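I've put the structures underneath this note.
There are two complexes below, and they share chain A, which is joined by chain B in the first and by chain C in the second.
Let's turn to the complex of A and B:
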């Protein structure tokens, strides 16, 4: 049954075909009666959507439209703007800060994304049958995710202290002379990314753990009978069947990494001299808009961030077809 | 030239009108606006039964106790004005205020500082105090003149300081004793300071102790040395950083770091100068008078004394102070101004001073501050008023403050030559100033 519906050749009815092409999947009522076309429902369906749509429109769509407009203005600190077309964008494209912050954001995203394979491995360990205190370990991994980023940042900042920090003390024990993590332009973004990886691990582990629960245990039993090793089972059953969850986690991680601000701001501190070399895209936005009071230019930075995240996410969805299993 | 509308009449009208009093208050308040053409005095003390709910926004939680005392005294005079104090931490205060200003929902009365006064005043967001001054309710002569100037934008006075701070050298005498270095007495020169700092770093190297700490922020460090060298930071819309005087003021800190008298730039980023000092690892810390509050519960406070800043071409220190300003958009301007006037009064500032968290600005109310650490010679901060220069600001100070924090560290650490960095800074700063 499961296989037949996934095989295009055995599609029987036009309704199912329609459903597979993404049109209305509700074209049949349980009783088999044909459902009347949507347009005859009048205003009712829209009223049901209205509460949610109002929120989205007021808090997401309207600000996006407004930001797009603002990005084409020269705007004072208290509003009051003049339209200048694409002036901010031409200035931004020539601004070296944009490329520095884009580069840093990519480095950060890359390091944090390394957490996903780690999370897959940890999640499958936590999911081993008969593991004692599994719930306890889950809580342990999830705690950083629910802790306030600022609180996390303050603790890590102390640990990263070059002279007196725990990290360099620990490195000293094994004979490594650690750098001034947060005040050296070559390590600052790496230090922030390590914290980012650590604090996002919990979320990925929980989502992937839920994904693991959907894999039928019979598959493992069968594989074991066929003599597959644990590693082989992990590689050939767990990972492929987990790909939808991995995909979801990747999308979320990448989007949130591109929005890096609070961790960086709190770990490095606003008076840090390496900030110009270590800032992220969103920090550039903050700095232009709220420190230099150049709201129009900041809006242009925001539009670039919007665009970059849009493109990266679209790319990921395209690539999804290559590696995500159709479960 | 002063118009004196009969107070009795106002009061009678207010009594008669009862609930419409608020509206009357508004109308009255609007008259005091910047127009100036129709009214000469503009401000009269409101009736004591004036009823209003007003908000007062501040950023320092440690001063709330003193503010509550002030408000209790204020309410004895105006029992029907209900004041809500909103404390927003420093980090978010200015972001929030800017949002409120954009939507004309500013608190009725709020704290203002030097770097931001130009921005808010030049955009018409705050109410001048011209009326109160002309009516004699506030006398600018009672406050340090450099701070009165700080809150004068394009010839119009927007507030008077509620407190002030100057810069001195907080000194750990125990470390001087340990190093066997004599404590300097009286005025001293740049060279004497550099030598003393280097000597302590040298002698106490094994303890990880430093003589002094280099510059990270202008107000407590390099603005002072720039003024001492005879330079300026910003004047008539141009930057002073390209001048030889300013370069000398910056070079001072580069030398201090290069000689090993100060921790490195990275060390100071990881652990700030005040933390070095409070943990007993720094002998001399250039800090504001506000640092006294941080020392209150520290064990090392008994070893602390204050030295005046060293002198080069001239004697100088930076002075700054917070002012209470009334929002131009306030709908309860009459009540807000009544509170503004009260907080500027000698009685209110004496209360602030006695509470011990700040140095009040009103002349003659500062004795409680020096008495709070009798052995620490806090008088240095008060004497400094005589030769103090106001914190350099412009209409959008934040834009070039960001340039300073971006560029100057390269000069301090020796990564780039001082003259190259200052020339670059002057150029970028001039561009930022031209946009104001």
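Let's turn to the complex of A and C:
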């Protein structure tokens, strides 16, 4: 970017150009190491980079461009497609399915995000100096995150069963008549979100735990000497100094929640009649693209998902200034 | 290290010890909630179907039915799916390690025209949700006639922008001296990479391997899209097709699910520190 201000004719020799090119990559490393001898590596770098880059270009870069194009086409029933400009998008904007699935995705994201404060608390407990079994607890909390979503969904599906599920039995003990969680369109997404919260909690705990390790213990010792209560220490030291990690966890949680598919598909089941009311954005994408086989429309859904995630992430970065401390 | 310094002073105070009691209560309760679905799944997998669907709770089966696990292998295309999962995960992991270390090293240490642009292109993929490229990946695999085949399942996952980023970061942080010494000894760039730098990158390679194994083993959407018949699917997608069955034999489904998860769960428990630290530092799902 900065090089565009230079007149290209001023570049006298290839060495200068190479140095300038090198500067942009090396400037990221603090400490300014000894400058390596200026030389090019001939054909070697290409031998190293091309296997990966060819794959990435064919299976990732070209598909991104192609999907953007596809989103402006209508696919015929026997393959072939016609260019229709923004037709899919105008249709999508008027499609109630988009708002249903967007709403469900937001509800899911909201419930899963409730796990973040829980994770802050759990991580701070795990970080107590000299706590025994801390690693054992860490493993327990992390277990759901590494479990195959479709496999663990099986047990949750049974636990949420309206007749013999443990969730309703537990609710029955406290006098609540539980709903038919996964076959009721008003509760299905809540059930999925509870599992989402359960399965992502461990990841947040671990990332926040790494953040906690960077807080100097002297701060707590000083606070202890000043007679600050545990709660006060948590509120005035832990949380403010942890805000960068909390921000990072929030971004990751929101982005991955917006991509909800596996748990929804596996817990509700692909034949569930509540799916049209309980689906997520990515499920809508899957249904249009691979069940209804409308590739153009599905491509438009994919572009909308891209846009929504981009906007939400940008908003979070904007709001970051209000609550994330500079450390 | 700072922890051990802080420990004696904090330990001595009564409040700290008291807070440990509270911490253990909270963490043990929370840990039990986290682990409960797994335990419950084990119990159900050893019950009869009647016990699972019984309206009066059966918390422990009258008789432990281990033969539910045998049924998994008899009745379902479980073995085929297991083989597919193993192949898919192994090939993808090895390919990603190979391609990502090579490219990551070149991006970190070699000078060539256009390296900045190529790197930016590769990293730009990290900002794009997978749905955006999934449709066209499907069309490419379809065009190559590779639907319902192992190559079709594996192909896009051989390449990883995240892995390249991870390996580039790893190589950037390594000292140049060894590399230069090897060069002066007359080693060519590939020999320098292979004999000197790759062994040094082992910790980051293990992070890449762990994340790839986890992702590949558990992935659902891609296998669901490129395979049609349940005996061609990996376990992640194959299990999901069981659930649509009208006459669900719950204990067998639970046994199959546990067997499907077992390799990754065991891997995690054995390598726990490495997995946890690796995923925490990579921050990727």
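Assume the second predicted complex is superposed on the first by the 262 of 327 C-alpha atoms of A that agree within 3 Å, B and C clash if a C-alpha of one lies under 4 Å from a C-alpha of the other, contacts with A are read in each partner's own complex, and residues count from 1 in each chain.
Definition applied: contacts are C-beta pairs under 8 Å (C-beta built on N, C-alpha and C of every residue); 3 or more make two chains touch, one makes a residue touch a chain.
Since we're looking at a predicted model, the values are computed, not measured.
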Greater chain A contact set [chain C / chain B]: C
Partner chain(s) touched by A:290 [first = chain B, second = chain C, both, neither]: both
Partner chain in contact with A:261 - chain B first, chain C second, else both or neither: second
First (chain B), second (chain C), both or neither touched by A:70: second
First (chain B), second (chain C), both or neither touched by A:273: first
Chain B and chain C contact sites that coincide on chain A, given as residue numbers: 163-164, 269-271, 290
Residue numbers on chain B that touch chain A, as the complex places them: 91, 95, 98, 101-102, 119, 123, 125, 208, 216-217, 265-267, 269-271, 396, 398-399, 402, 405-406, 409-410
Contact set on chain C toward chain A in their complex: 2-3, 5-7, 9-11, 13, 15-16, 19-20, 23-24, 26-28, 30-35, 37-38, 40-41, 44, 52-55, 57, 98-100, 102-103, 105-107, 110-112, 115-116, 118, 121-122, 125, 127-140, 155-156, 158-159, 161, 164, 172, 176, 180, 188-190, 193, 214, 217-218, 220-221, 224-225, 235-237, 239-240, 242-244, 250, 253-254, 257-258, 260-261, 264-265, 268-269, 272-273, 275-277, 279-281, 283, 285
Residues of chain A defined as touching chain B within the complex: 76-79, 160-165, 180, 182-184, 269-276, 287, 290-294
Chain A - residues contacting chain C, complex: 18, 21-22, 24-25, 28-29, 33-34, 36, 38-41, 44-49, 51-53, 55-64, 66-67, 70, 121-122, 125-126, 128-133, 135-159, 163-164, 166, 169, 198, 201-203, 206-207, 209-210, 216-217, 220-221, 224, 230, 248, 252, 255-256, 258-259, 261-262, 265-266, 269-271, 282, 285-286, 289-290, 295, 298-299, 301-303, 305-306, 309-310
